[in-house]
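Each of the two complexes below includes chain A, the first together with chain B, the second together with chain C.
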Partner chain A sequence: MQAWLDTLVVLLILTNLRLVGSSRLFACVRTVAVQGLLLGLLPVLVQWNTLTWRPALLAAGSTFLKAGVFPWLLRRAVRDVGLRREVDPVVGYSTSLLITMGLLGVTLYLGQRLPPAGLFESQLMTPVAIFTILVGLFLIVARRTAVMQVLGYLAMENGIYAFGMALAVEEPVLVELGILLDVFMGVFVMGIAIFNISREFDHIDTDRLSVLKD
Partner chain B sequence: MTVAAPILHVLTALVASPLLLGVIRRVKAWMSGRKGAPLLQSYYDIVRLLNKGAVYSRTTTWVFRAGPMVGLAAVLVALTLVPLGGVPALMRFQGDLVLFAALLGLLRFFYVLAALDTGSAFEGMGASREIQFSALAEPALLLGLAAMARTTHELSLSPMYDEISFDLVIAPSGAVMLVAVAFLIVFLTENSRLPIDDPNTHLELTMIHEVMVLDHSGPDLAFVEYTSALKLWVLGALLVGIAVPVRTDLWYLDLLAGVAGMFALAVVTGILESTMARLRLSRVPQFLVAAVVFSGLALVLVLR
Partner chain C sequence: MIWALLLVPALSGLVAFFLRSDGLRRTLLVLATAAHSALVITAWLTAPDCSAMGGWLALDAAGILFLGITSALFLAGALYAIGYLSEEGQHHRTDIEEGFLFKNYPEATFTGCLLLFLSTMTLVAVAQHVGLLWVGVEATTLTTAPLIYFHRHHRSLEAAWKYLLICSVGIGLALLGNFFLAAATAKFQAGHPLHLVFPELVEHARDLDPTWLRAGFLMVLVGYGTKMGLAPLHTWLPDAHSEAPSVVSALLSGALLNCAFLAILRMHGVLVAAGLGAFSQDLLVMFGLVSMTLAAFFIVGQLDFKRMLAYSSVEHVGILALGVGLGGVAGVGSMLHAVNHSLTKGALFLAAGNILAAYRTKSTREVRGVVSVLPVTGVLWVAGFLAITGTPPFGVFQSELMILKGAVDAGRLWVAALYLLLLGVVFVGMARIVIRMAYGHPAGLKGLKETGGWSATTGGRREARWSIVPPMLLGAAVLGLGLYVPPVLQDLIEAAAAALGAKG
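So, the complex of A and B:
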């Protein structure tokens, strides 16, 4: 089953590109959900023959959170805000796509110089994990609306998760649970924050917040 | 491989390419519940135009008259360079894929010059848009060809397309499939099909390709129509070679599969045109950058 790992990794790259190139908030939320689903499939494919209960349950739990709960929370937030698309990003969409391609090139170059990691036959896994983290960071700086920044944060978490998978499949459950809990709290708080910002200021452009004075 | 196959492919393209336009129109008419023009309408149009006289504005020079002729010549040479699936091209040498892209560039260059030569503001606008969009579509084409060259370790179009097999197309890394998606977008852009340009529109403000040839008349316009039909075939052959990876050892089966693939592509184009809305002009570059990214991603995947 490891042959299909490459396909999964390429799909992961494509979801990242979609996230960077799309202006529709609902579509981006859905893309992050798909990304979570793909990452959930990852341990199943890697350990096809030696799958034990623990990683399977962990994968099921994280998939449930990433592909079910987070998108549900965010979709609610977007609906309540009444915003359908990011209108005026800091970096335009075409430029963003080209920058992302550049990032992919750099991470693949770096990935070749790193020692091959863990159980993976796929040479792509580590670089793409780093790539996903960078895409998340890029979204946080290059988009104005709070929703897109939260999505960037989630993409970053997905990257960290993939990185952990690439390095050590048998990572301690506590660490993984800790990260998941953090992210869950983060998204929860941010969802409420987005809602409150939009109720106070009737927009969720975070740039305006930096000129607030007390 | 017998020598008859490439010759037969070129002859088929010369005869059947206007029929592709007819098929696209028929599918669109059928999808919208109309009866539609006869399948052979493009042939009637070309013959009718050839029998007419041409009108030339006094402001135009020889450049305007040269445009359609150079365009037709360029696309005819491109036709001899392009393989159709397993059927090799009439002419093949190392690096002919660069010449192929350059010929399409030459065709576009002369159309643009002819459009600018008329001095009409609308034609200048169309020329500017045409150049802007094709400047984005060309890297997608070249990067995609580079990715294919790297996958198959061939630098000539014919052996390159001969190497493509079903296993290669559905390979786990999916690079060839990404190239096919990029080529589909290039195919739609270069032939001014719907998400980018509407071939049926008659509003100068929104036209791109069609506005450039507004001033051509008579035989010149017939040349332009025939050129666009051949261009449809040439670029379609690049896509069909990947999307229909039928490689038998019998050349007539390959040719048959290729031609069937071309007409299937025409039907798909018609369906796409009926179901998709046209992109806003400011959004088109983003769509084309996506094609570049697909090709670039494929190249990065096969380079590592």
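So, the complex of A and C:
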């Protein structure tokens, strides 16, 4: 099991790198979907021997949302907008990759020094979860298009979810469902907002939303 | 009881989405909020100490206090909204700043979201489980985003987008904080796991891991602090408050910020019980002073009167955090201040809405002579300004004095001096703007001509009853609280402050 887990964690790192390094919006939407799928597999692998129906169902539900519904919603938004790539990001793609590699190094280094918590077997899990959160935050500030910012938000949410798993936090089903519902509604409302932004402005560059200031 | 509190607004909100008739929908809005208020008052006076779902939802003193504020403000807002909505209509309208045409969001969506907003805030107030609290706070963000985008044009869209993204990210960090808190209970997992319910956490606080607990509080403070509008995390707040309809601004300022504050306070209570009170108090004092300073800078010379009120909210949120951070009398003062600030700010935003409707501008330079054009609103505007800046005999004066006393009692004279200085700066800054707006000669103003609101011969116009009664009631309540705090409320505030560790 350990080998599988480590493979998954490494794949998680790779999805993050692709997310930061790619300019094509459809590819990025797909990458976030893959990330959701990987995260859905994780709890199944972690609790392989003691798996009960409850976490399995929850994992299935969250995978369905993150790998199925969100990508579908975002893909529709991208198609409506008619924009295929982010041409001119705030931070260039090579610089972004370099920064991300730096973040990965720092989180791995810090990960060794964190107080041990939870029952997770893979040492990589906690630092990679934090890495994913940071990548999400980085995307939100370093990209102009609203779609990429929503993807950043989703990556951050994925990272937080992975972190909860790394700490073996067992949220009650109801709370877990509530969180999923909120994230779903969040992406839904953001999707509507993107549609409205593109209709109102003919673009979805959020840095040009700058009328309101002091 | 709790279920009724949650479900009455939630179900009527869902119904409102599908009601075709405007009249029926508006009646439903008022009936649902009135029923909610009645339920809150019953819960408060009879103190049934009810809980549901095995203690995950419970009405404690703090919950009732913040729920009471929310409900009172919502009732005033609902009454105002009826007149406001019939005035707005569904036809195309000209934008007041740039002159383009735009259409409002459908009224059914507006009313539905308003009621769902009330329901989600009720959830925040009664949630005792860390996770449910998070769910509630995030849900308030999602239900208010369409409200901010009621006037469908590019500025309100910009405000709604900023609000949605900044608050969602912030609240995401609070979820991380919840996980840290869960990690702090790792010790219990072997034997019998600890439920992440606040009373239980407070009870076992001493056995929690202090490092994780500190990290958790930090994340929760930053996360919910974004929602509460603590500087430097407040960047969404002035935009959202200035672009949203005035009713929504009143509710955001008066009710929503308090709910986020309650979420931080519950966590603070756990830290105080764990003996880490000094850590969280220092952070709160720091954030409080930073917020007050920043707000003072932006209030002086502000050109948009709704933004001025928004920055005033940032200032008062800072005062709330400062009061709890100082502890003792200041903590109790802070609870009282939450009540006073909400009522005053609600009245001010509703009055600002009236001014905006008559003058068709948000610029402080193009509004003159409110007192002669809109006699009642003008008086409310000046009285509200005096109240919010802490002039006696209004309630805000008393609560701000208690916070000052707390600072002096704690021997933190520098904090007290800075606090007084900043209050003074805000007073002068707001006085310059408000007094000029209220007095002077209104002739020849561009916006007034368009609405035909004032003429030299007939003077001011008659104000609609719906537009002046709700802010007058709120204003009267603040005045009343300044003269006499009823013992029932006093007890409630004391109990809430004690339970949340604000006295610590």
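In this section, the second predicted complex is superposed on the first by the 210 of 214 C-alpha atoms of A that agree within 3 Å, B and C clash if a C-alpha of one lies under 4 Å from a C-alpha of the other, contacts with A are read in each partner's own complex, and residues count from 1 in each chain.
Just so we're on the same page, a contact is a pair of C-beta atoms (placed from the backbone, for glycine too) under 8 Å apart; a residue touches a chain by one contact, two chains touch by 3 or more.
Treat the numbers as computed from the prediction; the structure is a model and nothing was measured.
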item	value
Contacts of A:211 with chain B and chain C, given as first, second, both or neither	second
Residue contacts with chain A in the superposition, chain B compared against chain C	C
Chain B versus chain C as contact partner of A:164, first or second or both or neither	second
Which of chain B and chain C A:153 touches, first, second, both or neither	second
Which of chain B and chain C A:13 touches, first, second, both or neither	first
Chain B versus chain C as contact partner of A:175, first or second or both or neither	second
Which of chain B and chain C A:123 touches, first, second, both or neither	first
Chain B versus chain C as contact partner of A:87, first or second or both or neither	neither
In the complex, chain A residues that touch chain B	3-7, 10, 13-14, 17, 21, 93-94, 97-98, 100-101, 104-105, 108, 111-112, 123-124
Parts of chain B lying in touch with chain A, wherever the complex brings them together	172-174, 178, 285-286, 289-290, 292-293, 296-297, 300-301, 304
In the complex, chain A residues that touch chain C	115, 117-118, 133, 137, 140, 146, 149, 153, 156-157, 160, 163-164, 167-172, 174-176, 178-179, 181-182, 185-186, 189-190, 193, 196-197, 200-201, 206, 209-212, 214
For the chain C and chain A complex, residues of the former touching the latter	53, 129, 131-132, 134-135, 138-139, 141-142, 145-146, 149, 152-155, 157-162, 164-165, 168-169, 172, 175-176, 179, 182-183, 186, 189, 193, 209, 211-212, 238-239, 242-243, 298, 302, 307
